[in-house]
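For reference, chains read A, B, C and D in written order, and residue numbers begin at 1 within each chain.
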């Protein structure tokens, strides 16, 4: 069991690290000061969850790797995050929609994880479920404002939907490791979140006057480390210190 | 003598590496296909000169460091390039002006270096002087086109002049190491290039209908490793492979 | 005349002046300028540290840095609100910042080339800020004083965090110690400049002291900062880059204090006038954020109007 | 009727058709489409490799990669020029690329996550391109044939360079070998897809063969590629990711050749239709370059007009 749970935890941890990284890129560059506070706040939640997940994954693995070794010292092809979270920020519409899509998935996921057979998972879920509810609220409000704002903002929001929607399916995708962890009751079944996700998003989209596109071919591959090209550049910044100054304490 | 010459060669090599890096960032993203050819061409010249200079610096140092160790395995504060070359590309106007400013300096510099007491320096100068003459021509023509093109292009060109002009003085600045190398006749005196530089630029500016600004406070510091913040991000990409996969041959 | 005297009497009694109170125009203007400048400093101050968020060397440090930069944004927000009580809007202030009319603390025009700078900024820059700001908690203008109480509490937490980063470096490898020493070499003098020109050269000081906007002179605060900081540097095993620095037992009325070398005032004025390494980049970054965000702010406004219109209509039906 | 027969007779005699010669509309259209698509492939092809220019692991490799990407731009330039001889402009072709109307080789919709991909692209992708292109050096349309001669010469240099990168990796550490193996795992099948659908499914093939625009069928070329490449993989010590790959001495009329597994045609069509990992990013990148460069192209035009006007005036004086 330990290898599948380790891998399934890495999937979750990488999602949080990479999305946290993307939101944090806005820090000091947000369109209004309130968002210069809200975005680091979401980033902090994401990084916080990533830390707990990496730490626990490291314990499960039992080879003495700590959160930083797991977060910083792997190669591009070893990261298991879904493709949605690594997409570049583009504009504020993309950023908020990405956050909403992810949070609308994680909220029912963490709620289900409150029933996990694994005590540590239950603990992480308990903390995260509240944070993610706020992300849905915050990002959802912006999607509504922008979708039903000016002509320009509506166009940008709809463009973001067109661009990001193909990455949604991967959220529900079960890797073999995720399946094994679900079979043991340690982590929830991702597929089971679909109804709630659709419900949350439809609700927001109704208010935002956005239409949900049909996706013929979803974009998959992140869970097996098949990332886009932007990922490598993200990693060269992320890993810089750990790579340039190996084996030091900070 | 060896330490000052080593350092003075690094100043030159770093200038070429970093400016080459900046031009190469355009590759595949140029405003027209002809420039998708011209910019890598200039980048190649710059990287080529950097390679010769690093290799020779490594020989002078005599500690077995090769071109790659010198190019890739130093920290931000150890790079000695002038600040001009590390400035972000911004737009095409900035990029061409930066190239022109640098080439207009290097052309008389390499010409003077043809008389160096050092045979290797003479060799590098002989090759570079021709390349740099082309850079002056190519970048100069663009500065003229943009300066005397549309209203928008003239404004962008003048903005580039305002932004980059404070970085020019450092080209003529003599570090103690550069001075020692000049005193021995190994490398030219940078200060001596001022008249020719001004002549080249005035010529271009006349045709481009640009005015040369007065600079009250020049920007210095690159020669002592005092770089701007963009430099660190440039290095995290530049060094990624050498840092992530140490001690390997490629 | 009489009004001014009465106002001064209130100040002298240590009464707080509140937004709706009558106040001399000069008092209002001084506060608007100072609070605005202070707010801008918090906002621009997000950039040099923000530069390291994506590259922080551990997740723990990354989280702490994110929280810190967020706090700075928060300080900006309280301070803009405090300034707004004096009848100026955040938009006006932002435009003055972007046009170069309003200033911000010059210290943020220095770059952060290394991770150690994140430690040093916390320790020295926030340390100097606290020295400047603690007296402001007793400032005569109520909203400013109250904002500063909250700010100071968070700043001292940041200062400890910064110092703790340096402790890690100084307990680390040779490269890490060098990184720390290099950082203090670059930040020491600019930190001392944060207290402003010598008292004799300081243009706004006297009236501000009288109005109890300011309570100590620049040189007094600078001396306090040096006396507090030098022992901390010693504890770290770092050298303060001032060869003239020397303990003088006579100083501070016999309690002792440090004599120090002269500040490079040419550099100080150069950076204040906009010619530091990062001045142009800082304003450009803020301007880009502001310009790129225009459509978002417009959309938020448009949406709020639509919503209000719908509610009115709904109520009328 | 008669014209078509005469034209076909010229083709059959292996005469080259030149720009000013009369030609059937279908011939012209086929060539415009094919040469345009080929030119676009060179231009879009700069992106996946360009992705590694700033991160190349040594200066020698960086220089070689720069030169290679530059060559690709050069190929694009000859090919656009060849297409222009058929009465279409580069601007028209570019707009068709950016609107999605014109295609480019699907292979460039795969990402380059690792440095090994730079080697693999040279070896497999350029290798497959050469297989496709060598017959084009004898294409019936003169300007295209001549452009291809130059292109093929450079491509085989690129192929050797790519293979050499993989030799370095395969002679290197365990990480490097894994990087190489992972790269061939990702690129093998897409490279086979570069030869297009099976002959039976290929819509344009028959007429193109008759007009000697095309000289071998997709499946013939694919087989040649496999037979040439598998031994190279073996020399590197890498495993071709096809469990059904097997030497068959009967194949190729008794000369022997490799049997291989079936290509995943669903994936092929998915990527062709725009749903590969990088399709949207590629077009977005090119569109950004084009849009951001509009002011430069306008300025160049405006300047040229000013200059021409000045010369006319000068001549008149």
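Of note:
Quick note on the criterion: a residue touches a chain if its C-beta (ideal position, glycine included) is under 8 Å from a C-beta of that chain, and two chains touch if they have at least 3 such contacts.
Which chain is which protein? Per UniProt: A, B = Phenylacetyl-CoA 1,2-epoxidase.
None of these values were measured; they are calculated from a predicted model.
Looking at chain B and chain D, the chains that touch each of them are A. Compared with chain C, the chain whose C-alpha mean position is the greatest distance off is D. Just to note, of A-D and A-C, the chains joined by more C-beta pairs in contact are A-C.
Computed from the mean C-alpha positions, the centre of chain A lies at a distance of 34 Å from the centre of chain C.
Chain centres here are Cα means. That of chain A falls 42 Å from that of chain B. Mean C-alpha position of chain C lies 57 Å from that of chain D. Each of the following residues of chain C touches two or more other chains: 55, 175. The set of chain B residues that touch two or more partner chains comprises 75, 232, 236-237, 240. If you draw each protein chain as a dot and join the dots that touch, the picture is not a line, a loop, a star, or fully joined; it has some other shape. Contact between chains, per the stated criterion, is found for A-B, A-C, A-D, B-C, B-D. Taken in their complex, chain C has these residues touching chain B: 48, 51, 55, 111-114, 175, 182, 186, 270, 273, 275, 277-278, 280-281. For chain D in complex with chain B, the touching residues are 43, 46-47, 50, 53-63, 66-67, 69-70, 73-74, 76-77, 80, 90, 115, 165, 168-169, 171-173, 175-176, 285, 288-289, 292-300, 302-304, 306. Residue ranges of chain B in contact with chain C, taken from their complex: 75-77, 83, 163, 166, 216-217, 219, 221, 226-232, 236. Taken in their complex, chain A has these residues touching chain B: 75, 232-233, 235-237, 239-240, 243-244, 246. Put simply, chain A touches chain C in their complex at residues 17, 21, 24-25, 27-34, 36-37, 40-41, 43-44, 47-48, 50-51, 54, 67-68, 71-72, 91-92, 144-146, 148-150, 152-153, 156, 234, 237-238, 240-242, 245, 248-250.
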